[in-house]
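Each chain gets a letter, A, B, C and D, in the order it is written, and its residues are counted from 1.
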């Protein structure tokens, strides 16, 4: 089942609240099970590069069926998916994208966050993803 | 001055409420003065083509400095801007994109709506644009 | 022979001076005989869509071997080159792009201008092109 | 505040003079605070690949909020932003792009230079960036 607008909105609000708590302007993107954008918000004064990165983190997680940071473990030189980032119109393989699954383990979408340090992005995405399951 | 997140959120909410009133699922996209995406929402069950169209309507209005439907009056066969839609990564020249200006007449962004009949899209975008000025 | 930097600079200065005379902010793009950008200037406060359009007008003129407006006469519905604008990464078929040839009739580049009414763009491009031959 | 044409022109002239001093043909690109091209010049006989690289160096610096070479320190295999170059339509993460900020620390644009060895590109970009502050 596809992610609903209500779910996406709840996730974005939770993630945005977390971003405000740590004091970093973030972009928050949520895609459905086909990696099509469902919701996107850009807080004021984010780094411009992070707009596209947040969306690509969400897309990457959904398209690859794993968190974006997991892709990065496989895409390094010598790794099994070396330079997979060049496919699918551009993927992002560092943390900040989290896959969403329903109770049966089926992919329902993903959230991608960008704007701060990678660890901050991941923390905010984690909070957003947790709100999906509420 | 660039559109703020608060302004974009208020616009999206007003537009979404209008879309719900007329009972049509819509995509609502808001861009800043450089035509960079600021906020995007997709209601449940929109036609998939309308995702990209809503964003391009907003981009078109901002980049061309006029509502998207005004571009269409100039881009018809034999018109002065025939096939301008092929520039700037793809423009959309039918109604549903509305330009936003501040009190000094400076471009601050644009809203683009897609999902219903063109007249419906335009009506929803108009309500969203009106909320910018509140 | 390829257009030189000195020639491109002289053309851009002449075109910019004309744009200032008519009081319209313009983008001026000059490409070489392979349609590769040689010089580009954006005056302050041009319409954003016109950045890409100026470059595509120059590219179109060079790639098609004729002024951009001549392409538009052939690309209309029912015409021999209908929708040729979709090719070559996007062409622009309204006036404002002018082909440059050397004394032997060989293509040496093109100039593209955008920012005002089509007639204004064409007038500015004409002045720029004339400076090529000096 | 956005970079002005006068500023961009002064920067390009200073950079070009430096390139001539070291005897290497260079491309010099300047973008505004939204990473949109403001001015571009290609000296005669530059390597063709360097045209796009100079523009992407300027875009990268502006979009990422740091000099292009700084991005490269983070984007190496195993680094926190590995393969970020695949985002935003293509970034360049080696030196030659320099970020421009106003006296309040706000991003106003960037300059990108390419055509010589990376150290030469960086030296020329540095001279161009210094002319911004005059």
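Assume contacts are C-beta pairs under 8 Å (C-beta built on N, C-alpha and C of every residue); 3 or more make two chains touch, one makes a residue touch a chain.
Just so it is clear, the structure is predicted and the values come from calculations on it, not from any experiment.
*Asks:* Determine, using the mean of C-alpha atoms as each chain's centre, which chain is farthest from subunit C.
*Replies:* Between subunit C and every other chain, the largest centroid distance is to A.
*Asks:* How far, in degrees, do you have to turn subunit B to put its CA atoms on top of subunit C, rounded to the nearest 5?
*Replies:* C-alpha superposition angle, subunit B on subunit C: 100 degrees.
*Asks:* Just give me the whole-number Å value for how far the CA centre of subunit B lies from that of subunit C.
*Replies:* The answer is 30 Å.
*Asks:* Using Cα averages as centroids, what's the distance between subunit B and subunit D in whole Å?
*Replies:* Measuring from centre to centre gives 33 Å for this pair.
*Asks:* Cα centroid separation between subunit A and subunit B, in whole Å?
*Replies:* 25
*Asks:* Note the residues in subunit C that touch 2 or more other chains, in rising order.
*Replies:* Residues 48 of subunit C each touch two or more of the other chains.
*Asks:* Touch graph across the chains, line, ring, star, complete or other?
*Replies:* It is other, because the touches fit no line, ring, star or complete pattern.
*Asks:* Sort out for me which residues of subunit B touch subunit D in the complex.
*Replies:* On the subunit B side, the touching residues are 34, 36.
*Asks:* In their shared complex, at which residues does subunit D touch subunit C?
*Replies:* 2, 4-5, 8-9, 36-44, 48, 51
*Asks:* In the complex formed with subunit D, which residues of subunit A make contact?
*Replies:* 47-49, 52-53, 56, 72, 75-77, 83, 85-86, 90-94, 117-118
*Asks:* Write out the stretch or stretches of subunit D touching subunit A in their complex.
*Replies:* Within the complex, subunit D touches subunit A at residues 34-35, 60, 62-65, 77-78, 80-84, 86-89, 91.
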